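Chain naming follows the written order as A, B, C, D and E, and within any one chain the residues start at number 1.
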Amino acid sequence: MTYLIPLIPLLPLAGFVVTGLLGRQMGRESHQIAVWAVAASWAVAMVVAFAALAHGFGIGDGAGITLWNWIPALGFKAEMGFYVDALTGCLLIVVTTIGMLVHIYSIGYMAHDPGKWRFFAYLNLFMFSMLLLVLADNFLLVFAGWELVGLCSYLLIGFWYPRRSAAVAAKKAFLVNRIGDMGFALAIMAIWTQLGTLNMQAVFKLVEGGGLSSTWIAVVALLLFCGAVGKSAQFPLHVWLPDAMEGPTPVSALIHAATMVNAGVYLVARCNPIFGAAPGVMVVVAAIGIFTAVLAASIAFTQTDIKRVLAYSTISQLGYMFAALGVGAWTAAIFHLMSHGFFKGLLFLGSGSVIHAVGDEQDMRKMGGLARKIPITYVTMLIGSVAIAGVPPLAGFFSKDEILGGAFKSGFLWVWAIGFVVAGMTAFYMFRLMGMTFWGPSHVDPEVEQHIHESPTTMTRPLILLAIPAAALGLLIGFPPESGLLHQWLAPVFEATIAAGGRTEAAYSFFGIDGGLAIVTTGLVAIAIIAAWRLFGVDMPAIGLHAEPRPDQVREVSARRGLDFLYRGSAAKWWFDDLNNLLFVVWGGRLAGAVWWFDRVVIDGTVNGVGTVTTQAGLRLRRVQTGHVQNYALGIAIGLIAMALGYFLIAVR
Amino acid sequence: MNLPILSLITFTPLVGALVLAALPSRHEELIRRTALGFALVAWGLSLLLLAAFALGPAGFQFNETVDWIPAFGIQYKLGVDGLSVLMVVLTTTLTWISILASFGPIKDRVKGYMISFLVLEVGMIGVFIALDFFLFYIFWEIVLVPMYLIIGIWGGSNRIYATMKFVLYTLVGSLLMLVAILATAFAFQAGHGGSWTGAFDYTQLQAWSAGGHFANDLQILAFLALFLAFAIKVPMFPFHTWLPDAHTEAPTAGSVILAGVLLKLGAYGLIRFAVPLYPYAAHTFAWPIIVLSIVAIVYGAIVSIVQPDLKRLVAYSSVSHMGFVTLGIFVFSATALQGAVLQMINHGLITGGLFLLVGVVYERTHDRTIAKMGGLAAAMPIWSTVFGFFILASAGLPGLSGFVGEFLVFVGSFGVAPVIALASIIVMVLAATYLLWMFQRVAFGGLSDFLRGLGGHLTDMSGTEMVTLAPLAIGIVVLGLFPSLVLDLLRGPAQSFLAAAGVAVGG
Amino acid sequence: MNWSDIGTIAPVVASVLVAAAILIVDLALPNRRQAVIATALGGLGVVAAVILLQAGHAGSAFGGAYSLDNLTVFLDAIFVAIAVLTILFGVDYIEPRGLPIAEFAAILVFAVTGAMLIAGSTDLVLLFVALELMVLPGYVLAGFARRDPYSTEGAIKYFLLGSFSSAILLFGLAYVWGITGTTRVDGVAAALAKVAAGGSIQPGLAMGLAFMSAGVAFKMAAVPFHYWTPDAYQGSPTPITAYLSVGPKVGAFAIALRLFVGALGPLRADWLPVVIVLAAVTMTLGNLVAISQDNVKRMLAYSSIAHTGYILVGLAAYAGGQHSGLSAILFYGAAYTFMNMGAFAVVAALQRQPGVSSQIATFAGLGRRDPWLGALMAVFLLSLTGIPPLAGFWAKAYVILAAVQAGGWLTALAVLAMVNAAAAAFYYLRVVVYMYMREPAEELRPSSPGLLFRVGLGVTCVLTVVFGLFPAIATAATNAAGVFGG
Amino acid sequence: MSGSLDSYLVLSGLLFAIGTFGFLARRNAISMLMSIELMLNAVNLTVVAFGAFVPALKTHAAVIALLVIAVAAAEATVGLALVMAIYRNRKTPLVDEYDSMSE
Amino acid sequence: MPIGDSIPLIGIRWDDVLFVALAATLLVSALLVVTLRDIIRCGLALIASFASLAGIYVLLGNPLVAATQVLVYIGAISVLVLFAIMLTQTKNAPARLVFQTQTLAAAVAAVVIAVVITATVLATTWPSAGQRLWTSTTDVAHLLFHDYVLPFEVVSVLLTAAVIGGVYLARREISKDGENR
């Protein structure tokens, strides 16, 4: 099996190279190679992934292959090698499946774009990078993939480069990511200098064996988490992800919902032996995660751009995952990662279909009543929404429930409490989105309205294909709770850490605390959904639900004393962008300008000043040469006297 | 093989220069091709050298020694170790690329230009292979004159100011270095009963230094003089201000060579001479130099952000990138040193490529102001793609060579003191900031009014231009994936460097 | 006096005879300039041959007043070369201006005879008389374009100040003579060695040294005794400036060697500080003022002052205990002779047609208009700057090496010299800038100098390069310096 | 008084100083020339005085003095010829009007 | 009747009297040379100072030098100077044409030099015999043509060169060497 592993990333890489070099010449068929490459990669990945899951590969006993010694420096070594265990397998499933579906979806979505070949080349490159990240067996290679996915994200966000906002968003995404990457890079250096290896399995062995002092463990964990925060758009580096929606929608689905943004979660989960040994850092992870979850959810409340709502939702869900990691619910985090990957991928692709339908309009205030016009999209998105809202028995319910349960049972009551609230908020804003988009009266531009039509099959089929796991994944791998298939798969990866943590969890008790929590949460979700229906309307004749939206009430609620501040803050994304703009663009620009001034005036001024002083001295001194011979003679006489005095001084010495 | 291959490589361009001198200056095309031919021959010879170079043994290979001025023990002594070989290949490669890249842009006084370039090559190669301190100095100074002419004659509007600044600045450093070289040789002579034999011989000087025979105050003074000369050349903060001017005014190929090779001369001098000969002083000043390097790394990047001119931006980025090199040298770690040398090569490839690309645009627009650009991605897609590639390489993207060098420096310095890496790693963000912002302004957005006004002149890259860039791009990818090609060559030099610097070698 | 004495001073005798022959040929064949030139060059060739025949021989004549040794031969060779080059460069310049070649050549040869006598002088009186023989014709040469107000003005300034300094020098000599009681250099040295051993020197001797130092410093054009240089150099006909910039200067250093090294060597610790200060002030002031010059001749005049400073570093190194300083002086003298004459010769070539000024603007576009002349000028200027592998570089290197070897304050002086050299690059390269990087204001015709002139330029250029690539002349310089022991 | 070397040397020193003053102060080239002659005479006086009081220098002094006188004559010849030449160009013997080459 | 060594009654030596008289004449005439306005009178004063110096040479027991002084300085150089004065038509001139603006500085410098020399002379112990020695002319001739024959010959060459140069410079000639520097 091991020899198959390199094929998984190399197939998309080959696709990238071929499409990149020849795509322009291939014209309308430029997607072919890219799509087939990913499809092939998917096939191989499935074999590998299920083999890995079936074998129950865990820490240190997975399948590895080393291609070559990448950096054989004196005092440093990093190899080009891959490693597959159960965790990798889970990720492979998500990445390749959604990746393949997004590729197929894009055939239709990008059909008329002149840069289609470029788009597919970039997508293939992304697939390669992401798979490299997932498969890498050492930290440096993970970092390489880490940076490369950042690059692809940059390229794809800025895909429509003539649009200034796209270019700016692309740059912002890359830069913010890089801030986190600095931490990751430092972590790698710390690991190398402390342990002398970057091979992850070897590092974990060493950490477990006590090869690293607790201080260094905490430092490394914290630095790694910095990287994760950047890539997974956690507070305070969450600002890039909403802007990243400037990219084509398939990109948002693939990169900014289902795969790349999960890299942070993956990294922390992958490094569970390190994090597990740093309880303090775990608290930080949980805190940042849950804070991000509530922060992003609060912003999602008021956004009007359909993709931005989904983006903030993504941030919020990622926060959940980090909270799960932080409380030690490792499997729950990965579970949520997978389910979220599918339903959020679905939601994004669906939103792309919506945007496609209404003539590239993303403002939900100019939508409404689309349910009947684009039914497939509507239905699949509804499934996604229900899933994310956490309505049983869809995927989101199980994964979210495990997270909240994990938090509660491991004593992180505050995490649970906030997470509980966020669950309600999630349901609310998702149904706000559904209501504004699909239900109620149409606000679509009459011009456009006539052209609204369902997307082509290349686009709808992926939606359907994604809706299946979004609906069924929970039951499939997450049932029964806390001992489903996924738990069995991932146990080898996490069990050591959990055991080392010294917490033996009580068995899942449906008729006990777990069931209670689930019911409470579900209740809150139901309330939130109904509230959203009241405010934004619902129209589901199949189950006899109908309610008109009430914009007046929305206005009234949002203007209520005490709430108006929250409303404005939410709408303004809590002013993070403005703060960043002030700090980095305005003040940073001024600082750079000041430094340049310093360079020109002080440093270069000194250099030129030396020249000027020299020249001026010359000009002054030349005046001695008056042209009058007696002046010269007097000069000589004075020189003579000086010399005589000099000699006398020496003589009497 | 008893072929004096080093002399052959060194003097092939000189023969070329003489041949060119004999050609009548009106046959411009013939002159161009002859120059390229000789540069290619030198390149081929250097590749031969690389192939014949034995990886195993430490020390210098292909040695050639002829007494030159026996009265002072000055020899014509050449020899290469892994470091030198790499630098020679870099030099010969960039030279032919530069010459080829000059075919179009240089239309005036072609003969003088090509002669200058070939003579420049002689000096540059000579610096890298001279094993006699005095011979080194002579080649060092020979480099100065053709570059002075290249900037001064074929440069931009403010070329005279720039070239004078370049020359005077460099001369101040190098003349003081001469004093230091002579003082060192004299100390050696005085220690050998007044015999000048070997007083300028690198290996003997180094052995003498390793024996701890150079007095501390001599070391301090000589090191400072050498350091000044090399720091100006590198250039290190705060001796860097000649660089933006020189780069901005130089013709494209001049900038390529300036960035690609000339800056390396300083770093090479530090590695080859300044540290191994004066280890005490090197250790004494290591921390101040490390601080200066970090300042250069961060400062160069910050200043790059606000540069209005493409070339000036790349020039300041060089200050930042070369900061890694000096940092890597003075943390005295094998890893960091290897990273530093790798960084030297990377910087040659990447920045050389960036200057070529800026030159491509300048050829068409006769302007380099970033504010006037915009939308080139649509107008010149191939150019933009290649430009983007080099920018990413410059930003240190993994998989490309820039990453490995920088990372090795980081790791090495982190091992010495994490605070160094902590202070300098911020450049990851800053570099991305200035590069991507520049790229955004140049390539993205709609086509600017200025560019639209050029109409049909705004053609994409020509075949020749792609040929000049292809080797660099290939080098960047290959070294990014297989840095061992370089690192293996550096094993010996790094070990002997550290041994000379008095640091135990790990790994 | 006997025949062997005559044999010992054969070059001097031959030189005097050449001067006489030139005048006789001119009288016998009026208006036949070729004959005069042939006589002069042929005669100087004979002199050169005589000098070469003397190479390796040693001896003294006239009771020790004159000594033939390696130093004499070395310096004589330089002086003859200077004479030949001056004639080669002069003809093309003197002719179009209607000045007589014969007088020019004869007076020049007289001056060079004086310089050659200095080289061999080991007697204070002979030294003084020889010095006068060198400088008096020099005054005449400076004013050789006697209808030209600049030339005569430069000449009279040169003359007045020169005579003044001669009187000062002579006054100092008288005191040294009075105290040591002998005019023979070795006698003086022996007497002073006793004084030096005694520890303190008499005020009278100190004053004598002061006056003598001032006099010699004047001849070298060291600051603050340099005032005559710019005016005399600028005023003189350019080939004569070329001569003045090297002949009297090398002559002055020959005096310094014979007098300060040969006679006053025992007191060198006493004159060391003076030389250090002189050297420092001289090179700094020379360079600073040269930077602001717009006339190339005047710029080169100040640059020659700066070079005096560099050579003085060698003397200081000797005084500081490093014998190698002496060979450095000699090498510098030789290298400086050729590169500086070359530079002036290019100026002269440009000024071949009367009316062309030596303003720097004249050089604009020279590299394009006259590529060979431009290239030659560039070589000379780069050599003067001290760029390897040209002669000027080695000259500086040797001087610096000697200074560094001496250590202490001399190291500081060496550093100062190098800083100065860097500053000097500014004005030398400024000419290159004009030649290659600027377009001419007005189109000048390429000056096509005559064959003799081109030969001269070729020789200077080749020597400048050859001294650089194969500084074997250093061996000769070392041998010559060996005269003073060590 | 007349039997002491010091008095002659002081006398020559004063003469030298007077000559120097003349050289520095006078504007006429010929006056300057005359001042130089005074200085040279001062030197000669020194030499002869040494000869008269130091036995070892006795005869040498006369020879040196004679040579100096001859040199002075040669200088005067060239100097006066130069004065003639420049007078023809400038129509003035006042040297401070010869300043066409000032900085 | 032989004259005694010293003046009767006062006891001052004749030599001293002569010395003082000659020295005074010398200094005064030298001062006149550098201070008189009329340059012809300067020339005449110059002759006077030369003459008094010749007297001092005699007093110093060196009649040969004294004779040469008279012949060369008074007979040749002074005449040349006077000729030159005539030829340059310098007339009695107002003071501002005689003296430089830097006269005061010149005077200070001259005084300093005088003081330096005087102080030096007085502070130095000379290897003096304490009495005047008489120089015999034959000795001088012998020395001149033995030890000093080379300088002597060189001086003759020097004079030749000076004459050639002097003649060239002073010769009247129409030529076209207008220069532009």
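Heads up, the rule we're going with is that contacts are C-beta pairs under 8 Å (C-beta built on N, C-alpha and C of every residue); 3 or more make two chains touch, one makes a residue touch a chain.
It should be emphasised that the depicted structure is a prediction, and the values quoted were computed from it without experimental measurement.
> Indicate the lowest number of steps between chain C and chain D, counting one step per move to a touching chain.
Minimum number of steps from chain C to chain D: 1.
> Per-chain C-alpha centres versus the global one: which chain is nearest?
B
> Taking each chain's centre as the mean of its CA atoms, which one is farthest from the centre of chain C?
A
> When A-E is set beside A-C, which has more C-beta pairs in contact?
A-C
> By CA centroid distance, what chain is farthest from chain D?
A
> In whole angstrom, what separates the CA-based centres of chain B and chain C?
For chain B versus chain C, the centre distance works out to 42 Å.
> Taking each chain's centre as the mean of its CA atoms, how far is chain C from chain E in angstrom?
The computed centroid separation for chain C versus chain E comes out at 32 Å.
> Could you state the distance in Å from the CA-based centre of chain A to that of chain B?
So the centroids are 38 Å from each other.
> Roughly how far is chain B from chain E, going centre to centre by Cα mean, in whole Å?
So the centre of chain B lies 71 Å away from the centre of chain E.
> In chain B, which residues are in touch with two or more of the other chains?
168
> Can you pull out the residues of chain C that are in contact with at least two other chains?
If we look for residues of chain C contacting two or more partner chains, we find 125, 129, 132, 136, 139-140, 143, 146-150, 156-157, 160, 164, 168, 178, 181, 202-203, 205-207, 230-231, 234-235, 423, 426.
> Considering chain A alone, which of its residues make contact with at least two other chains?
611, 622, 624-625, 627-631, 633-634, 637-638, 640, 644
> If you go through all the chains, which pairs of them touch?
Result for touching pairs of chains: A-B, A-C, A-D, A-E, B-C, C-D, C-E, D-E.
> In their shared complex, at which residues does chain B touch chain A?
Interface residues on chain B, with respect to chain A: 165, 168-169, 238, 240-242, 299, 302-303, 305-307, 333-335, 338-339, 375, 377-378, 392, 397-399, 403-404, 407-408, 410-412, 414-415, 418, 421-422, 425-426, 428-429, 432-433, 436-437, 440, 443-446, 481-484, 487-488, 490-491, 494-495, 505-507.
> For chain B, which residues are in contact with chain C within the complex?
Counting only chain B, the residues touching chain C are 69, 71-72, 109, 112, 137-138, 141-142, 144-145, 148-149, 152-153, 159-160, 163-164, 167-168, 171-172, 175-176, 178-179, 182-183, 185-186, 221.
> Okay, in this complex, where on chain A does chain E touch?
So the residues of chain A touching chain E come out as 628, 630-631, 634, 637-638, 640-641, 644-645.
> Within the complex, which stretch of chain A touches chain D?
Those residues of chain A that touch chain D are 622-630, 633-634, 637.
> Across the complex, what residues on chain C touch chain B?
Chain C reaches chain B through residues 367-368, 382, 385-389, 393, 396-397, 400-401, 404-405, 411, 414-415, 418-419, 421-423, 425-426, 429-430, 432-433, 436-438, 471-472, 474-475, 478.
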